[in-house]
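As written, the chain order gives the labels A, B, C and D, with residue 1 at the start of each chain.
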Amino acid sequence: MHLRHEIAHVSHVELLTPAPEQSLWFFTEVMGLTENGSEGDSVYLRTWDDYEHHTLKLTAHTTSGIRRTGLRASSPEALDRLVKAIQDQDLGIGWQDGDPGIGPCFLFRDPDGHEMELYWENEWYEAPPGLVPALKNQAQAYPGRGVCVRRLDHVNYLSAEVEPNTSFITDVLGGRVTEQIRLDTGLISGGWTHFANKSYDLVYTRDWTGSNGRLHHIAFATDTREDILRAADIFLDKNVHIETGPHKHAIQQTFFLYVYEPGGNRIELCNPCARLILAPDWKTITWSESERAKGQAWGLKTIESFHTHGTPPV
Amino acid sequence: MHLRHEIAHVSHVELLTPAPEQSLWFFTEVMGLTENGSEGDSVYLRTWDDYEHHTLKLTAHTTSGIRRTGLRASSPEALDRLVKAIQDQDLGIGWQDGDPGIGPCFLFRDPDGHEMELYWENEWYEAPPGLVPALKNQAQAYPGRGVCVRRLDHVNYLSAEVEPNTSFITDVLGGRVTEQIRLDTGLISGGWTHFANKSYDLVYTRDWTGSNGRLHHIAFATDTREDILRAADIFLDKNVHIETGPHKHAIQQTFFLYVYEPGGNRIELCNPCARLILAPDWKTITWSESERAKGQAWGLKTIESFHTHGTPPV
Amino acid sequence: MHLRHEIAHVSHVELLTPAPEQSLWFFTEVMGLTENGSEGDSVYLRTWDDYEHHTLKLTAHTTSGIRRTGLRASSPEALDRLVKAIQDQDLGIGWQDGDPGIGPCFLFRDPDGHEMELYWENEWYEAPPGLVPALKNQAQAYPGRGVCVRRLDHVNYLSAEVEPNTSFITDVLGGRVTEQIRLDTGLISGGWTHFANKSYDLVYTRDWTGSNGRLHHIAFATDTREDILRAADIFLDKNVHIETGPHKHAIQQTFFLYVYEPGGNRIELCNPCARLILAPDWKTITWSESERAKGQAWGLKTIESFHTHGTPPV
Amino acid sequence: MHLRHEIAHVSHVELLTPAPEQSLWFFTEVMGLTENGSEGDSVYLRTWDDYEHHTLKLTAHTTSGIRRTGLRASSPEALDRLVKAIQDQDLGIGWQDGDPGIGPCFLFRDPDGHEMELYWENEWYEAPPGLVPALKNQAQAYPGRGVCVRRLDHVNYLSAEVEPNTSFITDVLGGRVTEQIRLDTGLISGGWTHFANKSYDLVYTRDWTGSNGRLHHIAFATDTREDILRAADIFLDKNVHIETGPHKHAIQQTFFLYVYEPGGNRIELCNPCARLILAPDWKTITWSESERAKGQAWGLKTIESFHTHGTPPV
């Protein structure tokens, strides 16, 4: 199955937090995102490499979790085709006005129930005085504050079943499964899908509680692995809970570090080194249970909470 | 102009060298490529992350330079469309059998005369015993020898005129100009084009000698900037001529190091950190003469030989 | 000449600035030092790895330059011996109370006139709430703000003559010259001296203006070379003047970056990788003019201002 | 207790291996050491930054373990004082000729029975053609092969009791305990001692088997943490057993990776970043059992085999 390049990239997420002040502190002071307006219970935050209005909409709520994921279409025509394809699956919710900087959005749900928005129109970010970068090919000045993540990298959902969702990504949205885990029973317990050269953009992991619409983690990319080692020291001294890492995943070979933000959502820092999927006919890599039992790339055992912690809590 | 995603990636190059033994030593022992067969005056070499048969065809010749660049189409249908579009421009040479591991190739020239081959069919590389990687999502074991570059990153051609060539890339091959230099006279003296998420794949720089078909450099990507700092020490102790760097380009923000391989061809090591062009409507960044006069990102002045050294020598 | 280990380390400096507010912004927001009290025209600042009260005393003044350098003796007995040896050279000024956290100091001048203080007694830094580190073997929490330098590394003085000063360091203070530059005329134009395992602590470079007591630069060590690459981006976007670098010195092999703080003083970021001088009988390395003409380790030419800019201006 | 600076540094070790060919492959091809002669059942190997003849004497033997550790005195006078002090403790074995490049050695044992040699005279290494470095302040050209460790960093012994040995280091050899572990029973189960600015050189860890003279690990320093991440990939693809890491120790804050060489000896790669102990009155840091229970710096639990695997096997 070839990529159809209908979706350009995962562009932003709305994250819910029952501890809005501490979560805001985490994303601005620790992670180094920049505030770009607020509205009602939500604050808009941006990574410095984002060309759009915001990367993260952080919303105060009774619980944690992900409310919505934004996907930008590759062209107006691609948007039309995608909307039709989603409607054909009866997964559409409908059109609505976008958040600041984002044009009309078509809302829909993946088969597991995660809400997504698809759009083409937007306004490119214009850095205000004080945030204008020295190099004109960059969206915003490098903040130099905290971890200073570069961009949103991927979203990893929990889902009651994996395959209906990865099939939706491939068949309806035009993506591809680059890697997956197949249990000895034949069940696919995890699937990594992508839309272009990044080796994954949206990931589905089996939710052993059988719940729907939950979040495993959202991930931000750093420029270097050293940024992640340095981040671990920052988390340590800022008293942010480190769940596991830094280490290198066997799957996708990403260098990673997982923490919990104060609202309870799992946040990954990731760095892929120079890994890209360039092959237009990439063959899905399937990992068996015994291969997974070897742990991560350099032998770290997968931490138990990785299989149990999701947001919101069940 | 949106990307058309007709070309998947720049896949390999044939490089000419008047010092074949020393060039082979350079690419295997210093750069860390792995030999994968030979044929006549040519040796096939691969970077460890390449899923195809070879990355570099190194050919003994009376002089230096680039003989051909390989481009893989995104699908068989894209190949058909591209061939027709090239033929419509009267730039086609014709079909011929590919080198080992590569299927039928359609040969053509860009307007400046650089020879290129376009193909779809290939054989995926199967690592022989001793080169089998520990992780199944990797093409070949990491050699751990010399610089150990990961993949071919881009080719930078010299051309008598820049614009006819970048227009060919965008209009005929479906790429896009991400950045360019416009002199005060209005002349475009450099254009960076790409086909997918990498911010550049094929670059054209004005050849002030007015010659055609020459090479400015080919570039290999390393996993980290630290790999490039380490490479500089390796080059120093292996007596490889360092032309300039390490430093960070203002254009494209790539961390770079330039050396001359023993055959005289300029070779770049590059690392983009996590930079990708995700915006489907990226607007070409145009740098003026005065902006270029500021030097590279952190102030290094562009070295004089950068404007004069190309291969083959005139 | 063996090391006598009479001096433990260079511990702090007093720096003068005619732009105190901007210099304070530079050292706190850009470099990531932490304020630890103020007194009159001076602010005390500390790097996070310093076990003493302060690393830098920043003092508003009519001009720039270094007012004093603090050296901690290796023991009370060493202090006594050093004071006597200095007095024997008629270079002593006398005892006075130390700044906050520092006990009685013996003031003196090196032959070129740079003021220094020598002491044993001090108070170990106790981090206040909010700055307490997670690991008890660390002085202060990692700030995660700006460049976040680890410690003061060395001071490089300008001096009318080099040799009388390096001889003072070796013969009177018990240090050793690890590397030096000898011009074709036989003149020593630069000398690097050290007191223990760091390969240099105090450096003397010939002041071609013939002035006395001036500063070439003070240097702060970062944990990694990546910290310096990252710092270059921070300086770029904070509009701090980068003079030269990042690159690797041939002499001492230090990875470096030089900037001017807003008061005009040259500040170096340096990282030695794992280089230490462990040999108790290290033989001074002498570089000739022609060796120096090759530039820095990887070929960067030494920038002209490196030979002309010192503080205060003449 | 102040440092007495009687010992300059830990200079070399003799390691025993029951798998000499594979161990030699490991140290040369994987670790990147350079062979410098052989004699009988032993091969001499050097790290590229070593100014002496060899860093490691690798000896074929019926079992694994460490046969001897070399310590270089700070001066001929220090050597005399040390020999006398050791003889006063009845721990001396006597003088013998040194191995190639090493002058007369005074042999002795620490209280636990580990054999050590103390010496002053040596020959400085002169690199043969092909290994001459480009920079004259470096011992040998950078090999650019495998991990390419810079120098021997420290030795960690197992000992039936810890305190008699660390007391020997401090009281007789003039070192100092920088950090230690005190169990709830009051027992010291680990002690880190140093001789100069490195924060540790010789470490004693309690041998729960009650055996004497065994080895926990020897450690080699890399220039960067990135070197260790890269090494992990090399080990993975070279099928070298990774025991634990990469991660950061809480004690001493060293970035680490542990592997077993083919002879069974545990080898550490370590990088201290820019950490040095500069304070002449450093106060020993004591870690309690509950503090240790938190795991390493970023939360990694100490692996069980760390408490059970030593060489030779019991």
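Methods note: a contact is a pair of C-beta atoms (placed from the backbone, for glycine too) under 8 Å apart; a residue touches a chain by one contact, two chains touch by 3 or more.
Please read these numbers as outputs of a predicted model, since none were measured by experiment.
J.: By that same contact rule, can you tell me which chains touch subunit A and subunit B alike?
T.: Both-contact set = C, D.
J.: From subunit A, how many touching-chain steps at minimum until you land on subunit D?
T.: 1
J.: Can you work out the whole-Å distance between the CA centroids of subunit A and subunit C?
T.: 45
J.: How many angstrom lie between the CA centroids of subunit C and subunit D, rounded to a whole number?
T.: The mean C-alpha positions of subunit C and subunit D differ by 31 Å.
J.: Could you check subunit B for residues that touch two or more other chains and list them?
T.: Within subunit B, residues 135, 223-226, 233, 236, 297 contact more than one other chain.
J.: Could you please specify the touching residues of subunit B with respect to subunit A in the complex?
T.: That would be residues 2-3, 5, 8-9, 11, 49, 51, 72-75, 124, 135-138, 150-151, 179, 196-198, 221-226, 250-253, 271-276, 278-280, 283, 285, 287, 291, 297 of subunit B.
J.: Applying the document's contact rule, which stretches of subunit C touch subunit B when the two form their complex?
T.: 225-226, 229, 232-233, 235-236, 242-248, 255, 257, 297-300
J.: Within the complex, which stretch of subunit A touches subunit C?
T.: 30, 133-135, 141-142, 144-147, 223-224, 226-227, 230, 233-234, 236-239
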